[in-house]
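Have a look at the structure below before the remarks.
First chain written, first letter: the chains are A, B, C and D, and each begins at residue 1.
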Amino acid sequence: MKKIRKIGILTGGGDCPGLNAVIRAVVHTACRAGIAVVGIRDGYAGLIHKDVRPLALPEVSGILPLGGTILGTSNRDNPFQYAEPGAGGKVEHRDVSAQALKTIEYNEIDVLVTVGGDGTQIIANTFFEKHKLPVVGVPKTIDNDLNGTDVTFGFDTALNVATTAVDKLHSTAEAHHRVMVLEVMGRYAGWIALDAGLAGGGDVILVPEIPYRIEKVCDHIRDRAARGKRFSLVVVAEGAKPEGGQMVVARKVNDASDPIRLGGIAALVANQVEDLTGIESRYTILGHVQRGGSPTPYDRILASRFGYHAVEAAMAGKFGHLVGLRGNEIRTTPIQEAVAVPRRVKAGDDKVLVAKAVGTCFGS
Amino acid sequence: MKKIRKIGILTGGGDCPGLNAVIRAVVHTACRAGIAVVGIRDGYAGLIHKDVRPLALPEVSGILPLGGTILGTSNRDNPFQYAEPGAGGKVEHRDVSAQALKTIEYNEIDVLVTVGGDGTQIIANTFFEKHKLPVVGVPKTIDNDLNGTDVTFGFDTALNVATTAVDKLHSTAEAHHRVMVLEVMGRYAGWIALDAGLAGGGDVILVPEIPYRIEKVCDHIRDRAARGKRFSLVVVAEGAKPEGGQMVVARKVNDASDPIRLGGIAALVANQVEDLTGIESRYTILGHVQRGGSPTPYDRILASRFGYHAVEAAMAGKFGHLVGLRGNEIRTTPIQEAVAVPRRVKAGDDKVLVAKAVGTCFGS
Amino acid sequence: MKKIRKIGILTGGGDCPGLNAVIRAVVHTACRAGIAVVGIRDGYAGLIHKDVRPLALPEVSGILPLGGTILGTSNRDNPFQYAEPGAGGKVEHRDVSAQALKTIEYNEIDVLVTVGGDGTQIIANTFFEKHKLPVVGVPKTIDNDLNGTDVTFGFDTALNVATTAVDKLHSTAEAHHRVMVLEVMGRYAGWIALDAGLAGGGDVILVPEIPYRIEKVCDHIRDRAARGKRFSLVVVAEGAKPEGGQMVVARKVNDASDPIRLGGIAALVANQVEDLTGIESRYTILGHVQRGGSPTPYDRILASRFGYHAVEAAMAGKFGHLVGLRGNEIRTTPIQEAVAVPRRVKAGDDKVLVAKAVGTCFGS
Amino acid sequence: MKKIRKIGILTGGGDCPGLNAVIRAVVHTACRAGIAVVGIRDGYAGLIHKDVRPLALPEVSGILPLGGTILGTSNRDNPFQYAEPGAGGKVEHRDVSAQALKTIEYNEIDVLVTVGGDGTQIIANTFFEKHKLPVVGVPKTIDNDLNGTDVTFGFDTALNVATTAVDKLHSTAEAHHRVMVLEVMGRYAGWIALDAGLAGGGDVILVPEIPYRIEKVCDHIRDRAARGKRFSLVVVAEGAKPEGGQMVVARKVNDASDPIRLGGIAALVANQVEDLTGIESRYTILGHVQRGGSPTPYDRILASRFGYHAVEAAMAGKFGHLVGLRGNEIRTTPIQEAVAVPRRVKAGDDKVLVAKAVGTCFGS
C-alpha cells in the first residue's frame, strides 16, 4: 500500500454544527502521523476552481466550539453535472470532473476526505469507482437520516435548539390557552420533530413518514381542552403532509398561486386547527437557527471521533468507505451501502411507541 | 387613609417572562406588611367570572424562575366592552364592569394591582377614574414600548432569545454565502429588532418606525458581497414596512387574496432580496418563542422590584399610578400620562447612531 | 403470572437530571395499561416511614423538563442497615426491612420500580432475592459508571454544564495567559472529565483511572507556552490522583490536619502548576451545579424510554432486572450482573485515543 | 483643536465579556471618521514592549460575540512602577513611563483609549495629568464597582452565569434537603452576589459590605427547615466576611497555616453551617467561569455604545474623561472623579430592601 503523504478535506452540502470539530481532528491526527492536510474551499467547487490551501495546527486552533465550517460549503457543486450559465443565459450542466481530478493531482492529494450527506458521498463514490480516487467519507446530515451510522453529528445540536423552542412555547401557550405550532427541519425524515416532540412533551408530532389527518389532530386538542389542558403544542417537520396530500415546503413568492406555500406547513396546520377548533393558534418557523451555533458536547465528541477515524481509515486503505457510529464503536461501511436508502422514522420505532405511551398524537 | 387589608392582583394582555416574579414579590411584600393577597385568574376575565383565589407564600414558592403566569392571562376581557355571543350568533360588546366591581367588593379587595400593557392599564385607569377603585399599575410589554418606565421586564429575555437566534444564523449564513432574514416581535415599536440587531451584529435592521426601501437594503448586501462578505443578516420587526407601504403581519388563510401575508414580512423581504440580488435567502419566524422561557436575571430583578414597589405604592395611597424604572430608581407616574403615547424608536436614538457607526443599514 | 395492579416507584441516591422524566413515563405508561402508581418519598426512607402517595397524570403534568425529583431522594436509607440514633447518642444500624415490606404490602404494591445507582439497586436486589419482592431497576448515575447500560440519563446534562464551563474558561484563560483548572464530578470514574475535556478542547485531562505525574502535566503546559499558546486548561475529575498518591476529595474543616483537602484536587493541582511553571493558575469547583437544572433532550428521551420499558418489563415479569441502553435498543440485564463491577475509563478507550490525537495530555 | 488622525487602544486589568465589542465599535466609528486605529497588546505592557499593530475592519470582523479580548490584557504592567527582576533576582519596581511615551510618539498615536478598571484608569490619568497625554477612559469591571457609570459591561454576563448556577443548585438542593453554598466574584463589592441572589431566589446573601454573623445565617436556615423548606441556598461573595473577621480569599498552599483559606469563604461557610445546623452542606466555587464566554446582548450593546462614544469624546477633546452610562444616556466624567471611591452595596440599597422583602437573610 502506498504511503499517504497528503490528505485533502472538503465539506459539502448544508452546514452542520460539528464540521469544524471534524476538520480539527483530521488535521491533528494526520499531523501526528506525519501526513500533511490541505483544505478545499466550498465543497467540490474548490476542486473545480483550484481553491485549495494548507491546513496545519494553527489554522484549526480554537475552531472546536465554532458552528459553520472554516472551509465553506456549497449545495450546487457536482463536478459530474456542474451548473454553468450557457449560451443565451440558460443554465447548462457539464461534466467538469477532469478539472477536479487535475486539482487533486496538482496538489498531490493522496486521499480525499469528504464530509457530507448523501449528495456529497454519492459524488465521492463516483470518483472512487470511476476514477479510482482514494476517498474516505464522513457522514453529515442534520436530519440524521443517513444509513451507515446510528447518529450523525449536528443532530443533537439541532435537537437542542428545537427542544429549547418547545420549552419556551410551553410557558406562553399555557398562560394564553393557545395552540402553538413549531415547524422544525426534516423534509423527508422526521427525526428532529420526533425527538424534540418527545423531549419537549409535545402533544402532537407530525412527521413526513406518518401522514396525518387534521381531524385526528383537532380531536386530540379538543380532548385535552376537555380535560382542562388549556393549551396544546404541535411539533411539525417541514416535510410533514396530510394523508393523500403533498408537501408544502416551498415558500417562494412565485408560488403565489398556492398561498399556503408561503407560510409552509406550520401556517397550514395553525390555520386549520384554529378554524376547526376555534382555539387561537400561533406558529414559529425555526429554519436555519437549527443549523447554527456552537455544537453540543455530544456532537463535538462524535465529530472528533469521526475525524480521527477518517484518518485511521485512510491509513488502513479503507477507501470508498464511510466512518460511522455503531452502538458505541466507530466502524466503516462501503459508501454505496450507506447511501442506498435513507434512515427514516418507522411507525413501530421505540421512540414513537414511547411518545404514544406518554400521550402524544401522531395524527394517524 | 384607609388601612389596606387585602390586595387583588391580575395579569392581563400578552404574557411576558417576569410576571411570576412580580406576583411573588407582591405576595411576599404584602405578607410581611400583614396584607392578604388574592389572585384573579385570566386578567379581567377573572373579575367578570368570579375566578379569585387566595395567594399566600406556598402558592408563590418556586415560581421566580418560571415563564408564563400562574394567574393566566387574557387578551379579550375588557369589562367595559366585554365580547359575548349575542342574538343570532353575532358577537356583541356589553359593559359588565358592574359585575367586575361586585367581585372586587365581595372579595373585599382594597387595592387592585394590574400587571399589563397599555390595554390593561387603560381599563385600570377607567376603574380608577369612573369608579374610584384604588388601582396600582405595573407596566408589562415585551416590546418595551410603554412610557412611564425606561424598561419593562420581559424585554431583556426576548432580546436574549432573538440575539441567540442571530448568533446561530451567523455561522450558518457564513458557511453558505446566504442572506438570512430573522423576523422578531414588534408590531409598532422596533426595540427588539434594534437591540438584537445591534447585539448580534446584524447587517440590516428594519423597524416599523423607519420605513425602508428594498433597493437600499439590496445595495447594502451587494456592497458587502463586493467586499468579500459572502453573507448578510437581516433582522426585521414584524411590523416593519416599506416606504409608503403597509404592514404585512396578518397570516390567516383567508388573507389568501394577498399571499405575502401568510409568510409575513420575513417571507416578503427574503423573497425580494433573493430576486433582486440573486443571493439565496432564507427566513426564520421566531414568533412566541420570544415570550417564553425563564426570565433573565435582569428581568427577574426588575420584576421583583416592580412587585415590591407596587405594594409600597398601594400602602402610600398612590392610586391611579404606575410603578416604573427611571434611571436606577423606581418611581411612580400617573397611568394616564404613561399610556398617552407609546415609546418608539427614533431615527436619532443613540442606539440607532451606534448601529449605523458599526455599519448597519436601516434601509432608509 | 399474576396480573399487576399497582406499581410503586422510588428514586434513590444522588439526584440526577431526568428522574422526573422517568417518573412521568412510568405513570403514563402504567395508566394506559390500567395499572395504578404510587410514589414513595425520599428513596427507601419512604418505605420505612410509610411515606407513600398516589401518582396519577395530574401529578406528573409539567415535570418533564424539571431537574431534581418530585419524589425526593436520600443517601442514607438502606433498610437492611438503617442508621438510627441508639442508646447514648451513638448511631446504630438496624435491619428495618420488615417495616419496608409491610409498607409495600399495606399499599398493595405489586412491583417496585427502583430508580437509582448501584447502592439503590443492590438493596433492590436483596429484596428480590431474599424476599421475592418483584423489583425492576432503572439505572441512574451522573458519573455514567454503571454496567448494564451504555449510557445513563443525567450524564449528558452534567457533560453540558461542564463543557460550558470549559468554553467560558477558554476565553478568559487566553486573555490572561493563565492556567485554569476545572474540577468536575467523578470520584471513581472519569467519564465527565474525559468527555468535557474532549468536547471543550482541554489541554490536560486528569481522571481517577489514569494516575498522573505532575511533572508530565507541567511539561505539557510549558511545551504549549513554548509554542506560543499562552494559556492551558486542565479538566480534573474530583477523584483524580497522582501516581502512588491518594484521593483528596474530602473537604471538611476537621480535615485541617491536611490543608490541601479543603480545596480538593483542584486547589492542589492549581497550586502545584503555579509553583512549578511560574504561570498564574486559577481553579473552579463546579460541584453540584453539574447535577442541577433541566435535563438535556438526550437525557429526557433516554429517561422516558427507561420509564416506559420499566413498566413493560414489569408486565413481562422481568423481575430482578435493570433496563438499559444497548446500542440503540433498550434491553434488560439481571441487576446482580449490572452492579458487579463499575464501568470505568480504560487507557485504551477510543475517546482517550482521540483526545491524545488532538493533543491532550493525561499526565501519564 | 488638533485634528485626530490615529487612536491607540488597550485593554487592561482582568478580562471582561464585552471588551471585543468595545474594540470593534472604536475601530468602526474611527474608520468612518477617517481616523486610523492601532491596538496595543497586553495592556500597558504593549506600550513598554512596543507591541503595537494596526486595527482595521478585517481585524474586528466577527469579534462582537467573543469573550476575552483580542488585544490581550495584563494585571502587572504599571509603567510608573514596572516590576522587573533586578540584581540578585529580587523584583524591583522602576518608572518606565518614558518608554511607553516613546512608543506612543513613534506610532503617532494622537489619543489613547484605555479600557479598564480603576487601576488602568489611574495610570491613564497620570499620563494625562503629568504628560498631557490625550486619554479617554472606558470603564470596565466585572464587579460593577466603578463610579462614573451606573453599570459596566461584563457585569450582566457574570450575573447570568452566577444566576444559572443558583437555578441549577435549586433543583438538586431541593431533592436532597441540603444547604448549597455558591461562591461568586466580588472581593470588595457584593453586586454579583446581591443580584444573583435576588434573581435566583437565594435564601442567604453574604456580601463584603454587610458583615455577617454565622448564627443569624443558621437561624434563618433552621427557620426554613421548621417551615418545611428542606433546603437552603447561600450566595456568598468571595470577599464576604464575618462581623469583626477577615477576608479568606487567598488560596495558596503556603497559606497552609490557615487551612480555611484553601477552600475560601465557601468552604468556611459550608462547614460552619453543617456543623451548627446538622444539615448536609455542599459548596461550589464558580471562579473565572464568571468572566468567560460570550457577552449577553445587554453587555454587547453597552460595550458598543461605550466604544462609539469613546471616539466621539476623543473627537470632542474630552481628554482625561471616562465615558459612562447615566440613566439611559452616555455621559463623560473626569477620570479622577470616577476612580475616587468605589461604588459599593449599601444596606439601604433598593435591591437589598427588595431581597429582604422576599425573605432573604443577609446574616446581619
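Just so it is clear, contacts are C-beta pairs under 8 Å (C-beta built on N, C-alpha and C of every residue); 3 or more make two chains touch, one makes a residue touch a chain.
Predicted model, so just to flag it, every value in this text is computed and none were measured.
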item: Identity of the chain that, by mean CA position, is farthest from chain D; value: A
item: Distance between the centres, which are taken as Cα means, of chain C and chain A, whole angstrom; value: 32
item: Distance between chain centroids, defined by C-alpha means - chain A, chain B (Å); value: 35
item: Between chain D and chain A, distance of the C-alpha-averaged centres to the nearest whole Å; value: 41
item: Contacts with 2+ other chains: residues of chain A; value: 167, 170
item: Chain-level touch network, classified as line, ring, star, complete or other; value: ring
item: Interchain contacts (touch definition) - all pairs; value: A-B, A-C, B-D, C-D
item: Sites on chain B touched by chain D in the complex; value: 24-25, 28-29, 32, 64-65, 150, 156, 159-160, 163, 167, 170, 195-196, 198-201, 294, 296-298, 300-301, 304-305, 308, 326-330, 350-351, 353-354, 357-359
item: Of chain D, residues touching chain C in the complex; value: 14-15, 17, 19, 66-69, 72-73, 75, 161, 164-165, 167-177, 180, 182, 230, 251-253, 255-256, 259-260, 262-264, 267-268, 271-272, 275, 282-293
